[in-house]
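Scrolling down, you'll hit the structures one after another.
Heads up, the next two complexes both have subunit A, just with different partners, subunit B and then subunit C.
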Partner chain A sequence: MFENRTIGLALTVPAALFAAALFILPVGILLSEAFKGDNGFSLMAYVDFFSSPRNQTVFFRTLKLAGLVAVVSAVVGYAAAFCIVSLPAKSRGRMFGLVTLPLMISPVARTYAWLVILGRTGFVNSMLVNMGITDTPFRILFTETAVFIGLLQLFMPLMIISLVSAMENMPRDAIPAARILGANWFQVFTKVILPLTREGLVVGGTLVFTGSMTAYITPAILGGSKVLMLETLLYQRVTVANDFVAASVIAMILIVMAFSANVLLKQIATARRTRV
Partner chain B sequence: MKRLLIATTALTLTMGTAASAQDKTLTISVYSFAQDEFKELVYDPFQEQCGCKLVVETGNSVERLAKIEANAASPVIDMAVISTADALSATRKGLLQPIDTAKLSSYDKLYEIAKDPIGDHMAVGYTFYATSIVYRSDKIDGIESWSDLLSPELAGNVALPDVTTNQGPPVLYMLGKAIGDTDPSLTAPIELVSEHADDIVTFYVRSSQLAQLMQQEEIWAAPIGRFAWGQFKDNGFPMAWATPKEGQTGGMNVMVMTKDNGNEDLALEFMDFWLSTPIQTALAEALVDSPANSEVTVSDEIADNLTYGPETANNLDLIPADVMLDQRENWLDQWNNKVMQ
Partner chain C sequence: MSDFVTLADLTLAYGPTVAVDRLNLSIAQGELIALLGPSGCGKTTTMRAIAGLLPPKSGTITIDGRDVTRLAPAKREVGLVFQSYALFPHLSVYDNVAFGLRLRREPDLDTKVRGGLATVGLADFAARLPADLSGGQQQRVALARSLVMQPKVLLLDEPLSNLDARLRLEMRMELQRVQQETGVTMIFVTHDQAEAMALADRIVLMKDGAIEQIGSPEQIYTAPETGFAADFVGFETILRQDEGGALAWRPGAVVLGSGPHNGTVRGASFAGERREYVLDTPLGVVKADTPVDVPAMKIGQTVAFDLPRDRAVRLARA
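Presenting the complex of A and B:
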């Protein structure tokens, strides 16, 4: 864009300095707590953290729920995105607006709505009882299921948006061409759509996975302390136990998991590209 | 002539106030709760009285204590209001100085439990609250004991406070008392709760969350602080406040003075103002804080929403601050390992 590359680089300096001074440096100082031992550098804080069975449960629960939300988002997201891009331009805009609408509402309000919907006298249970599926209402609130539903609703729009933009960039005649050449819909999806939209899947997957892993409000409200996740545990360590070391360890784990998810998804996408 | 004289006097006083306001500044650290009411009922009238500037810093206890600790060498905060356990924690870190109660004209009017809650006059209580059980009187015949929370009648219809909340440990302590074990480790009541964990709908963190669960008929009973009673009593269901045979528990918030702040006189003046009968009455009538000043009198309707009166105040079974502070980590570990599994 700039003829002289130096000018381009120079223009990034203020933003870079701003981020370094106000974000990277403080976060670095905070995270360094997790590597301090009696004699300098130490990984004991991590050993301590993972030696607790409760922490292991919380860690795997977080990983499981975030992974599940990302996978289900991708499955539902592909179907939704495919429908949206197939619509005429005017309707597509409307549908896209409907998908993005929840993102404009505070996560607190959205999550509180689930408290009402999933409650024992809420919409879901009333419907199940009225349809005769069950006599006594199910307990959905304060279970992993409730957290899963809340997170899915919270982050699925990000997956749909990423996939819609990826599909819009797909050559328009790729699918008809594949169909003419005799591919069934499953083959069209695995051999054409998936490889051509992998960038969108990587972006969407990373956003949904890291978002689900680091969300605090939804697990706190819908899961409560019975369904502790890494971020609710982090909050507890800081506010109650004043244990900044364990909190730094959890923060570091969350950062590593977010980066790993991104790298892993990119790897999967690259592997697919080489195969295709 | 008289009017002119009054006007001149007022003007002189105002000008004097304006000049000294620049010299005198008091920095206080308070909970973020009900700040509009505090501004109207406490801060603004005090600024008028002292002719000084009041700088109010708010936040949760952890942030505020961290700030006091970080600036210990040259204190920014002159006085703070915190829980008794936090006050003791700050005392042990050498961040506070004793309060010269001889300079507090309202000191003798305080209930006994508020006078020296953590010892050595390091803190003075300004408000306290009772914690008991709120329940649906149409669903349950009555609650006689804290152990009724874990009765088969309430299984699947009760919420308990999380151990990380202010209500958590006192409720566990009362559960322990109900089964005849008042050991500060709370091992027996935590064990008891873990055995009934599946019968408990949730371990709540905020009383506002509880009000909604009660409204949605998710729960029929839960222990709450008296300050939250107003959110329940008019929710459209028949609600009752239990008086269990083991008594009521609760908590207290205190005022503390930071060490070597150089602003002790003004801080004491502010504390005395806050503890005075008119201000404590105004805060009680606005349902902001229950009064620690025994001279405060309010109507029955107001009193119904507060922790009020000598009988209630003197019978509160509070966990001592040192037990709270020394055991907190132990409680949390036991809780996470037994109840959260």
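Presenting the complex of A and C:
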């Protein structure tokens, strides 16, 4: 685009300076906070953090819920994506729009809608009571289930979008070819669809996992202080306890986990059997 | 036996749109059949139905005496070479050819795969990925992948259309050789009449979801029965007759320069060995050509011509 590469590079300098001064530097300072000991470098803050059973619970709960949301959205996402790509072009666009619709609604509004649906006198409970399945309404809100449902709805579209575009890039007729060669639907999935959409699965999985892990509004509203996740714990540490060291530790954990998830998924995706 | 493959009253539809209407066809074992026709005539739809990729709306399909109408594609013992080849890009050439055999838990896998690759002349390409092969080589992998399954019927979708002229001839000979060696019944779909003529034992000419004419290449070429068939094999002047039916002439059969009729030259083009003309006449549009040594006629010029009866074919309908 530019005749001279140097001009092109020079034009990125303001943005780079902006990012360095206002993003990298403060984040660096914040993160380094937790490595300071009485005499120089120390990992005590991390040891302290993980020695608290409550923090351990929050850490593993975050891992569990984010992992579960990623796995369930992958399973549901494959089914949805397969249906969408099988549709004729016109209704495919319409279906795709429907899938992405939740992404265009404010997360706060959407999450408050879940309060209405899942609350003690909400839609689900009044249905269950009216049908005589239970006398006393179930406690759904402020449980891990509520957070799981909220996160799943929030992030599944990203998985579906990734898988749809991966499936659209599969060679035409690869699926019928496999079926004629004797594959049943399960084999079509494991031997053709899965290997050919691996990259989409990695992208979708990374987005959903890191998204679920770092989401704030959904666990804050649907989980509250009873079901803390790392992100809500971080906020609590800063605003309630004014404990910036713990906040820095949590921030670091989130960054490391996001990167590890991405690397791990890529590893799984590129591991291929070689056989001749 | 002359009914190795039979299609009986086969009706195929995509939703409410009927693509093929009550089609009847019998194919003998070892025959090489061409389904010929323009796009949208239902030839590819028919082929997909034989493969089991499209459940028929009504009618039956039998292969080797067995009703396969409701069977899954895998259970029909058919092979299909797709127009797009549909190789699995993540698998090597070897693994592509071995795909079906592995699912079948073939005990003699390696011998069969190597044999299949040798048959199509790709023995040295086993370890390559499909993306590293040319279009012609990819198609031969697709052919080998189907052949190693020893199908009763091999279906080919436009097998020559993606190849350049030289590869086309090569592939044509390859298909004929494979057919002679294996004796497999082949049904291929094409829109190219020259291709169908060159390759097929019998041509099934289709139009608008129905069979227009079935016959050997010679029969279709010399004795088309309908206006559509006649036009398809080069009888370009088709005139309805008062007593019913129609007569049709090839451009070379029309006599230009003398005769009882007159016409106006509306189009003239030079085609190497021949000059081609389109005439507006009271009888209708006449297409004629002359050898190049006959002096060229100009557009707008009035010219006498004759349509000799003895060089016409009689058509049941125009």
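FYI, the second predicted complex is superposed on the first by the 253 of 276 C-alpha atoms of A that agree within 3 Å, B and C clash if a C-alpha of one lies under 4 Å from a C-alpha of the other, contacts with A are read in each partner's own complex, and residues count from 1 in each chain.
Keep this in mind: a residue touches a chain if its C-beta (ideal position, glycine included) is under 8 Å from a C-beta of that chain, and two chains touch if they have at least 3 such contacts.
Here the structure is a predicted model, which is why all the values come from computation and not from measurement.
For the composite obtained by overlaying on subunit A, subunit B and subunit C can both be accommodated side by side without a clash.
On the chain A superposition, the C-alpha centres give an angle at subunit A of 150° between subunit B and subunit C, rounded to a multiple of 10.
With both structures placed on the common chain, the touch criterion links A:Leu68 to neither subunit B nor subunit C. In the superposed pair of complexes, A:Leu196 makes contact with subunit C only, with no contact to subunit B. In the superposed model, A:Leu141 lies in contact with subunit B only, and not with subunit C.
After overlaying the two complexes on the shared chain, residue contacts for A:Leu30 are found with neither subunit B nor subunit C.
In the superposed model, A:Ala177 makes contact with subunit C only, not with subunit B.
By the touch criterion stated above, A:Leu254 is placed in contact with neither subunit B nor subunit C.
Of the two partner chains placed by superposition, only subunit B is touched by A:Asn242; subunit C is not. Contact with subunit B, but none with subunit C, is seen for A:Leu115 once the two complexes are overlaid on the shared chain. Of all C-alpha pairs spanning subunit B and subunit C in the superposed arrangement, the closest lie 47 Å apart.
Remark: subunit A residues 171-174, 176-184, 187, 191-192, 195-196, 272, 275-276 touch subunit C in the complex. Residues of subunit C touching subunit A in their complex: 51-53, 72-74, 78-80, 82, 84, 86-90, 92, 94-95, 99-100, 103-104, 126-127, 145, 149. Remark: subunit A residues 52-54, 57, 112, 115-116, 119-122, 139, 141-142, 220-221, 224-226, 228, 236, 238-242 touch subunit B in the complex. Contact residues of subunit B toward subunit A in the complex are 60, 62, 156, 162-164, 197, 201-205, 209, 212-213, 216-218, 328-329, 332, 336-337, 340-341.
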